[in-house]
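In the two complexes that follow, chain A is the common piece, with chain B as its partner first and chain C second.
Right, the complex of A and B next:
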């Protein structure tokens, strides 16, 4: 391919236009995170709403007169409407949960994502809606010998203008100064008498406004569709993390980098689009653990660790409960129908995965956004051994935890060096890289179609036999992990979570412990993945996907990440909710999202936490 | 359609001596309803699946009002969302079979979901009528006794387009396809077939943007830089809109021949609006141009019932019910082994004419329309469109024998 200067220039401009759009969206996300510390999954939903509101308002305005002014007024109105929706979310939801663990807030915003998806389908219908082109910017401009869209030239300017306005806001207004102060030290701002509620509401307005603006500005380029939210949110996260969470300048830099990489990357590796941004994020985080322009997170101010404080032993009553639950699981095939057995088998499998995730999150303080990777890799190991090498189920099942553990050790080596949100994002990056490999390596993994024919050995082929197999493995696996939590190793992990320097000081190899913990959790997740593959008969990349990782997080949060057995309860609750709502209606995602939010509001410490406080109250009353 | 069903019914009823025969034309269906489990991505792929479900409901109601199937039994579809993932879909299929006691299952949109459900059906020895997934693997390498597919596969649709390009002078081709199975296999089929239709054709550029996340500027720039004579496009949905707009502004399609899969289907054509390019050769469904009283009646009934124009999904849903009703009438049994044997080379008269379920690979001969894109009143439509029957575009029989295990 002969490379000409004019082409390189135009391709770079394309990259700049994408970067600009990406920055406008990511700046809102990073702002909201900086002030409220909320990882706002719903930011992508605001972007989508911005586009939908704009394709509704703008054509209506253009009927009055086809002028550029009215077009941009329409875009700004749309962004304001979305800003108001952001305020509503803050007042109705976030305000009630600032005190609960950060992960819970994330889960609540994820509930909002699900609800908005179905609400959009309900309001605007299932068809993609193409917006109008911007009057006066419809044409192409000749740059050397290449034609380039005028609207994209405008977008290239829009990003820096937003950056400049944000800078002015942050440095020249009282609101902005307070925002910066809150980003640095939220509690101190509160102590100085600043009205935090108002500040947070204002931040959410600004954040949602920017997301809405980003969406509304896209309508001349892309049609509004119900999948826009998830396609943008991961990229927006990547930009904020590469730039450094809370840093607007960093987000700008990261967006520029990603825009150019994308524009030139497709020339060299046309199939790299799936994984490029995650490769970049992994690379940046390995080299710069706080992103390009981020600051190290101050030591957690709260003395209360989020997670298992000191694991309680079962008392007689709990032993009774566990025995009852085991009995119920064992007797189920006698009184439940075939489908109930199937669902119970899946609950048990998810229980292992959720328990292993809480082993990391609740016990080790290592928040993983990519736990499904190890689940999926375990499933692939089993599936590939059975279908490609013709192995029977038993050795293939043993390979599952080995594969999960191996990759957890490999990725974990880099992951455990980081902290907090950056660590979580690196787990996400590795998970996405693993996902992309399974997705793209068609010859071996079957690509996104996956591989079918992963069925159990004859003796375990019936639903009931397989149920007992899973039950046995789940009980053994969960009790083994539970034992580790109570063992000195588990206590060391908790010590490392609560204060790494103090743990180091008493001679604990913090990094080594965390690494081993990560590997153990990965192995357990891999085991669950292997069991899952044989229960479904197939493997495919969705087993490593972000949605499944989020499901696992939802399970441990619903169950209560500060309780040891909570995740098991959470897996059962989450899977049952999904199973009840899915057949009822097309709008099952709305109901699932609403239930998640309701559970977060009613049980801010999860079901396990609710049980613990009940027990405490009961014990108190008895005295 | 009606007359065919009555014809069969009269025959069956006469043979079996059922009282239903006396009920005659217009009698409502009686007897235990026949339950069919239908699972699809109603919330993830709503644009295609909801019109599809609408038409299924409409077709079932029409059949039931006219006396049902198998001598007077009602058709009843139990609809479920398949969650758009294989894991969820297999569980939902299980629920349909065990708890809802459906006779067999139908549906699915995404290829990976369709393949997983097909394998599940094989394991459970129950009929799975795959209506929408396009993947060649469903009827080829991973085909099984219990899985049948109605819609023309990726291979068939690509082959129809390539045939439409036969003898064209364009030799330098660029491919743009979404980066997942459908896009990859369409591209592979195209590479395999284009040489036969245009001797000396070569692929000089390929772009595979992530599904739903196209960076249209960069993609269009990269394609234009290769200076192809012609483009083979597999993008659809939001990616297609973004690609077409960017390409129009930058002049990518000027003086270039474009072959484009599915672009003429209303689901994907309507959002293009006044940006619809001129003269692309596409597969699609120009519902307003299809001749024939039966099809016109379908369009009118659909519009009256749903206050919307039919989509490709609607047509597919309607034909699905026609084929299934025919199968049930012939089999006169709900034994899945009998049903599968009945489907083998079953000919059905449908909205699109005769559809045969080819026994050797379980692929339906339903075709699609091939024509050129054009604009009318600021809306995209097709011109010179003709219905291409699928029969001549299926995989050659020796290839099927080599690929299929069962």
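Right, the complex of A and C next:
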């Protein structure tokens, strides 16, 4: 009995230690969101940079003398270095995007994530770097009859200390009081003549400092690696969303909850701790849509929404363009080589996925950050049916949209209850659950390696035949979905996006319509995923990952999310560019990140917008 | 049968009483104004009738049917149209499309995925716009209209559902004085012709006294007076609340001085 108790105690303590670490990181994220209203994806990158800088600086300092003081000075220096990087990011990027729609903000900060990833690989190389243990804290402490690392005990204290210091800062200093005021009402603080630029820069320093501190404190426990950023950022998102975005106390509470859930969840469901965490988040958001201690966002003043306005019918010129594009896609196998056909097939597949995403984002105002989940689930449905049940391609392809639609309906049931940034976070969370299941359920999904041998039926086995199959499905699918945008249902989604109270007041069931829209888009993405599985012959968890979701978002951004057909153009341009440049450079991610940022800053209406303004100019000149 | 009966509505926000035992009734074709200082609970009472807020206790009956706590969309389908304090329209659409959308919703065809939305109910939409003198603006994007015109379009949207009851939360807020009078005349005309009951809140006393058949006076969540405009105007309690005791004395002194 006593053994069991001491074991549980140690488990609870290690839960507290990870809660502390998580809180330090999440507090910075929630602070930055509270003041700037930007959800900073790059917060995970700051954490990673904190760890990398620390594994560089701290060993060097410890060469002078192996003292705990120098270790912690090293940690603090690392955090300051990262804080300065945060200031740079604020001045160079964030300052320009405070006023743009939140999807653009998310994408721009994700662009920074991509750039930092490549920069880290360039500077520190691809190998994980183990950090030094902390002098004076290397021993274990006996707790009842169990050994517990002293450093973990130190971490348990570090969280509450940071919480206390933040409280003092927020309540006893002018900067802190302004921070709290800005969290409540940013515009009012500006109207009172406070130097906002300085306030925001200071906030970013503090936020990045906390992320860097979190990372630097981890080096005795985990090696610095180039994958730390995305894994920590999803956890930090979950903590801030459960706690209530902008609430530091809420983040502390949520970190404690999650720390314990992970520590004990691992005993009960060793493989699905991640799923448990996300389920907790979904549950909290359904009961308390603004998180445990969060405050409801004031409804945004009626503003012109970003996205599709009244869709125009094709004019003769546009019909001609579509006919030309179709002709080109159909004739390609006659002129192009096998490689060109492969790329064209993929473009068509991604066009379906991007179009379905814009059906949500552009037409419905539902910003999904996890659209790849439905693409990937469609691919897995097809792949598993073919390889495990020996089904032929045709029924497996029909199952793909059914699977995508089923899971979109399941997840969407929760997702459409939320709005804005909370909604985006929940789409991300559900996508990560689906990813985790495909990654961890090795017996069925093949885990990381995925599944091979997903081949089409004999009649569609050749590249060219499969290209025509995809072409037919893509044309049918895209035009069907396009028709829905022009139909009363599509208009109702736009109405609900423009003004939910008005839509409800004329009798539209806003939530029900959004749910149906989400399901349809998920089904279309699933169809695209199924087609993709057969074109590759294999599937793996990256088909559900955040990077692919971001690729889809980049496609609609590039194509122009206010234009109905823009996403098709965006998919074609994005995939071709990726295909040409990716083999040429070792820094594809850096390039992609920089391009996304450039798109947001200087080309936010994309190719569709460029076409529309060209048309307007041409029409104006002709008169 | 009385169109709307509201019985003992109560609503608290935290410790703040926003509505206390609010009761009133409204007949078809009647214009009932709700007035009171800021924070008196006008919008709260309003939103409890429209379904945007659920009352803590009390009942709302529409032609004998209990509609308490129903969601706004259900109340809308029972024949209640409304306008909002800050106009709510579909900004990305044209004026005509706003009306078409309202008519599509009234016809319960919002889940239709086959028809072309822009081809539906054009004539009906134009007719409604014509009724409000907005037919010329049909093709204009909603976000290019002046605020007064936005309010008119919102009224047209509310009328598209052929309401028996119209809820108007400050219909003339943000409009120029001339526009206000014109809009209120329009509403009164339509309401009388179609026998629509109208419940409205308003800060502009000229509009209230010119067009209301009866007036409710709300102060701190309670109805302190109700009656015809003449009765309400003569009510000393109302005078006190609106002018304040010292304000009233000052007014009386000023009046006495003027009349020597």
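By definition in this document, the second predicted complex is superposed on the first by the 587 of 623 C-alpha atoms of A that agree within 3 Å, B and C clash if a C-alpha of one lies under 4 Å from a C-alpha of the other, contacts with A are read in each partner's own complex, and residues count from 1 in each chain.
Rule of thumb we're sticking to: a contact is a pair of C-beta atoms (placed from the backbone, for glycine too) under 8 Å apart; a residue touches a chain by one contact, two chains touch by 3 or more.
Since the structure is predicted, the reported quantities are computational estimates derived from the model, not experimental observations.
J.: Touching A:273 in the superposition: chain B (first), chain C (second), both, neither?
T.: First partner only.
J.: Answer with first, second, both or neither: which of chain B and chain C does A:479 touch in the superposed model?
T.: neither
J.: Touching A:618, do we find chain B (first), chain C (second), both, or neither?
T.: neither
J.: What is the contact status of A:490 with respect to chain B (first) and chain C (second): first, second, both, or neither?
T.: Touch status of A:490: second partner only.
J.: After lining up the shared chain so the two structures overlap, which partner does A:18 touch, if you call chain B first and chain C second: first, second, both or neither?
T.: It touches chain B, and chain C stays clear.
J.: If you count the residues of chain A that each partner touches, which comes out higher, chain B or chain C?
T.: The larger set of chain A residues in touch belongs to B.
J.: Mind working out whether A:587 is in touch with chain B, chain C, both or neither, as first, second, both or neither?
T.: Only chain B; A:587 stays clear of chain C.
J.: Please output the residues of chain C touching chain A within their complex, sorted ascending.
T.: Residue positions touching the partner: 50, 52, 71-73, 76-77, 81-82, 84, 86-94, 97, 100-102, 104-106, 108-118, 120, 141, 143, 154, 157-158, 160-161.
J.: Please give the residue numbers of chain B that touch chain A in the complex, ascending.
T.: Chain B residues touching chain A: 42-44, 46-47, 50, 80-81, 83, 85-88, 90-92, 94-95, 98-99, 111-112, 115-116, 118-120, 123, 135, 137, 142, 179-181, 184, 206-210, 212-213, 215-219, 221-222, 224-226, 237-238, 241-242, 245-246, 249-251, 267, 270-273, 275.
J.: Residue numbers of chain A touching chain C in their complex, please.
T.: Of all residues in chain A, those touching chain C are 301-305, 307-310, 313, 483-484, 486-492, 494-495, 497-499, 501-510, 513, 516.
J.: Which part of chain A faces chain B closely enough to touch in the complex?
T.: Counting only chain A, the residues touching chain B are 1, 7, 10-11, 14-15, 17-18, 117-118, 121, 126-130, 133, 138-140, 146-149, 151-152, 220-223, 225-228, 231, 235, 262-263, 266-267, 270-271, 273-274, 337-339, 342-343, 346, 439-440, 442, 447-450, 452-453, 455, 532, 536-538, 540, 542-543, 547, 579, 582-583, 586-589.
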